[in-house]
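Next come two complexes built around chain A: one with chain B, the other with chain C.
Now for the complex of A and B:
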């Protein structure tokens, strides 16, 4: 594995757009050529070396390249966009769109990530050790086809509308979620280990959502299917008792499933008529 | 005194086109038919202060300069900025907006209009799920069920109800008595007092209530006896009224676009409207605020493919409200130069956005003294469209209406100012190559 280290100099106030920081773009380039690779600073075209020190060993093959961003890049967007192979490790925070449209390979963000991380993801693995913003693993604005493959894991908390229009793949959130996880979800698996504020699975038509924590408010448009123990979600067994719901029945032909841990969630079971 | 007839009111999205202006010595001294808000716009009610000359901030003072100098300085700021923002556009005509989009492309700017703090969520939702819309004429002549969701037209669009609900139509010859009016609002408002059914839902629960209504309409029961503070029986009764409508219309405003969930509230409201067409004829119209806010979304879409929040920084249009919205750029401190035209963010943006506006150069193309011009480094006063110059505007449901010129002005129009800035920007860019 050839390691290429990018050490950020000062991060500018006007953000950088660095969709060229991927193993695919670096493959077959010398260190000097990598330094001269184009990134955008607002509406100005600039080079990686203007904002990063570059060192390491180049390689011909993207799957042999590991890019280490050794520092905080909270003003750099689109790191690892559309990457197909190799590995990126960010030893700090990133701005928006990390791993967007990712097809393969592996990205680890050791700090926080901005919104739209893993947008339209098709494959590969994206791990965020800190918190992440809104629209994690969502669709492109206005599209009705979201994340279709791969695995996103967030160890911290996330914002609104994660897994929007999700079609496939898997997302695991270990922290808490704001509103509307799995909105318009059509497939795939969303596991939430923490709590959710409201509107889990709004307008979902397919896919499976598992919430282990407490849901503050649940939508009225679901059908209650009773309590199920030790559920099997696409081969993975979740121990314990779960309330099972089908919906969202506000949407025609809906067939999504929501499992909610029994502990602390008795307030969301249906009222007797 | 001269009477100028068929004047179009340049205030709200209702765009009333039956105003008569009383003109004396090239000044409007009174109006007939206009509402109180429109009337004050025409006669420049007490307190309104007009700028007569361009001004530039020099030290702590604003100094009068020529149009040429103000335009030169504006062009320099726009060219120098790495991520300029051009915001506003909703109180000017479509041809000025078209020049604005060209200018944005030329300087690699983000161009955004006031929709990003009003009906932007509606625009996002209609991209996701569609736009079953109709014109005011159809509402007046056909509608027998009228819903006002999260809006208070009695005060915000004062002639909206008199022109659409109380007015007699071809198939509704008694006017208001032939229609069922439903108001959905957590508050008791002057509009809700006129309603047949007032769904006084809990604040921030629009999505939950819509989810329940859609579920019941689709033939399923809901989980809870009360949703958003509305009892199950009343939800069933409402669905019954909606199903039996011959022609239904849903008007919706800020009370649903900016409560929790934002564009997802509109998304499910649009889907409800679509569902309802299985049982009746149902349409919707957003209650747009500024008189030509719809026009900017139209112009920007036909020029760039996107309705607002369009980012030209890489030379081609990109779009993502949440990243390229005015407030996102200001609050994340991404933008480094701002041009405001035909709107007043100084009065309406949150504190954190204003803090950034203080840090960066701000250009205001604005006829009146406003909180924005207080923050501005350059003020360029234009003639007011619809009063001092003519132009085209789009009514809230997308009908273009030609606006008249009523009195003369020696100020340049928005379009002329923008054309001169654009010409100067092109010169500067050619010279630097």
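Now for the complex of A and C:
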């Protein structure tokens, strides 16, 4: 594995758009060529070296490249966008769209990530050790075809409308979620280990959502199917008792499943209210 | 500036020039007999095709529903993005490009005129505002008359004179160009939650049928001596078995005499996107193409010109004043749906659509469109359109040209690329005809210009014509379009040169002179001043009762037309 380290200089007021910080873009380039790689500062074209110190060992093959961003880049967007192979580690916070349209490879953000992380993801692994914003693993604005593959794991809390229009792949949120996780979901698996504020699986047509924590408010468009123990979600066993729902019946032909841990959630079950 | 386009291989059907090597002289924005070789700038077109600028008779490029398409499809905007150039505006959109990009994309293909085919009268100000930001191309807008309360009321009363006076007033008020009819009586029925089926099904309350409206407006059209024929989008669009409605509709205005004050059209009816109206069967299972019967009707009758509305097998955005049809489409594909009822006048809907070549119905529709092109024998009766963006975006015209000119390409698509319904449900696999460049120039230039009534100055390269010229890097003397279909498509996608009113606007496929307004053609006619006064006072009364705007704020002022070209009808 060849390591290329980008050490952030002073972070700018206006964000950087750095879709060229990927193993694919760096492959076959010398360190000088990587330094000169184009990124955008607002609406102005600039070079990586204007905002980062670059050092390390280049490689011909993207799957051999590990990019280490050694510091906080909370003003840098689109790191790892569309990457197909290799690895990126961000040793701090990052801005929006990290790992958007990702096809393969691995990204780890050790701090927090902004909104739209893993947007329209097709494959690979995106891990965020801190918190993340809204629309994690969602579709492009307006599109009805969202994340179709890969794995997103967020260790902290996330915002609204995550896994919007999800079609496939898997997302695991270890912390808490705001409103509308899995809205319009049509496939894939969304695991939420913490609590959800409201509207889980709104207008979902397919796919599976598992919520281990407490849901404050649940939508009325779900059919209650009773309690199931030690559920099997695509080969993974979740121990314990879960309320099982099917829906969202507000959408024609809906066949989504929502499992909600029994503990603390009796208030969302129709005959137990 | 004077130009001589030297040694080009010229296709100019209105002047019966078929591939002659010929010089074209240009002075003061017009084609002239000759200019001085020493003063003129020479454009060397040796080995290149020279045609008049393209004319699109039916497209959706400006106005409220186009803008809804842009706003609610950011995922479409993403697919074609144009950054800001030194003199170009930035823009985006594949099926519904933004205004500036619409102008650029048409010009790059050698098109210099394009018509907005559906303008709700109430929203005509918006349409003209967008025209102002759509550079280069000449244009006109077609106000919708087919579900208009006044039209239906006067026709119900049998008062064709008042109907004519109203139409004349509305064309002037909206700065519109033709009598556009969409699903006559059907969109009004949609206001009541229904639709009509066929041309003999009356609209609720008004009790007039599609046939009454088509006939009444066809008569009005010739009374007003309008340049274009009535422009009809038939009932039952997209429904299996609709071809009978289509043929019945074509027959309605037969016998009415064309009477244009300008131009030289023979047709009294222009039927649009006929591909969507040529279906047999009773449902999508027993569906079959009836394009051969429709083509046969067009072959045998001289009172009609059609455009095809070719399906291009892309992901696109459908948009039409046919509100109930868009609802049907939304229930079919389950995608997002926008809908609007335009007060006393019309309605509209917008739905994204995927014409996948692997799916049965789109593949059959692709075959139906090509059947119409290839079975209509006379290219002076058929125009090239996709009903952009409904069948696909206008930027696919070069690809359609390659399908029409290359049987080899069609065979390859039928065998390897599209669903077998193209073979099973249509006769396209049995047709070997290939268009030549003369016929391509007809369907994209001379035929639309003539039926629009603009052939004095548009669609040809004779002396006195506007100097709108397209030059393509494809040499018919050394290159075979049937074999080199990819080069053909590329050449027509990005023209070598395009001149608009005698100025170079595109060079080597790039827009070089974007800061030009196109002309707005509109009808300036007063049918009967006294009657029009009477009608106006009736209209004003209805405005107070039913409209959400004041009568005085309704008409579009001349100030909205930076390059206004009024065309006289009756009174001029």
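We take it that the second predicted complex is superposed on the first by the 270 of 273 C-alpha atoms of A that agree within 3 Å, B and C clash if a C-alpha of one lies under 4 Å from a C-alpha of the other, contacts with A are read in each partner's own complex, and residues count from 1 in each chain.
Everything that follows uses one rule, which is that contacts are C-beta pairs under 8 Å (C-beta built on N, C-alpha and C of every residue); 3 or more make two chains touch, one makes a residue touch a chain.
Predicted, not measured: the structure shown is a model, and the values here were computed from it.
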Quiz item: Which term applies to chain B and chain C once both are placed on chain A by superposition, clash or fit?
Solution: clash
Self-check item: chain B versus chain C as contact partner of A:239, first or second or both or neither
Solution: neither
Quiz item: Between chain B (first) and chain C (second), which, if any, makes contact with A:144: first, second, both or neither?
Solution: both
Quiz item: Who wins on chain A residues touched, chain B or chain C?
Solution: B
Quiz prompt | Contacts of A:252 with chain B and chain C, given as first, second, both or neither | solution = both
Practice problem: Would you tell me the residues on chain A in contact with chain B in one complex that are also in contact with chain C in the other? | Solution: 141-142, 144, 252
Quiz prompt | Of all residues in chain B, those that touch chain A in their complex | solution = 81-84, 107-109, 124, 127-128, 207-208, 210-212, 214-215, 218, 220-227, 260-261, 264, 267-268, 271, 275, 312-315, 319-323, 332-336
Quiz item: Once bound in the complex, which stretches of chain A touch chain B?
Solution: 13-15, 17, 40-44, 96, 115-116, 134-135, 141-142, 144, 161, 179-180, 183-184, 198-199, 202-203, 217-224, 248-252, 268, 270-271, 273
Quiz prompt | chain A residues within the chain C interface of the complex | solution = 139-144, 252
Quiz item: For chain C, which residues count as touching chain A in their complex?
Solution: 72-76, 78, 334-336
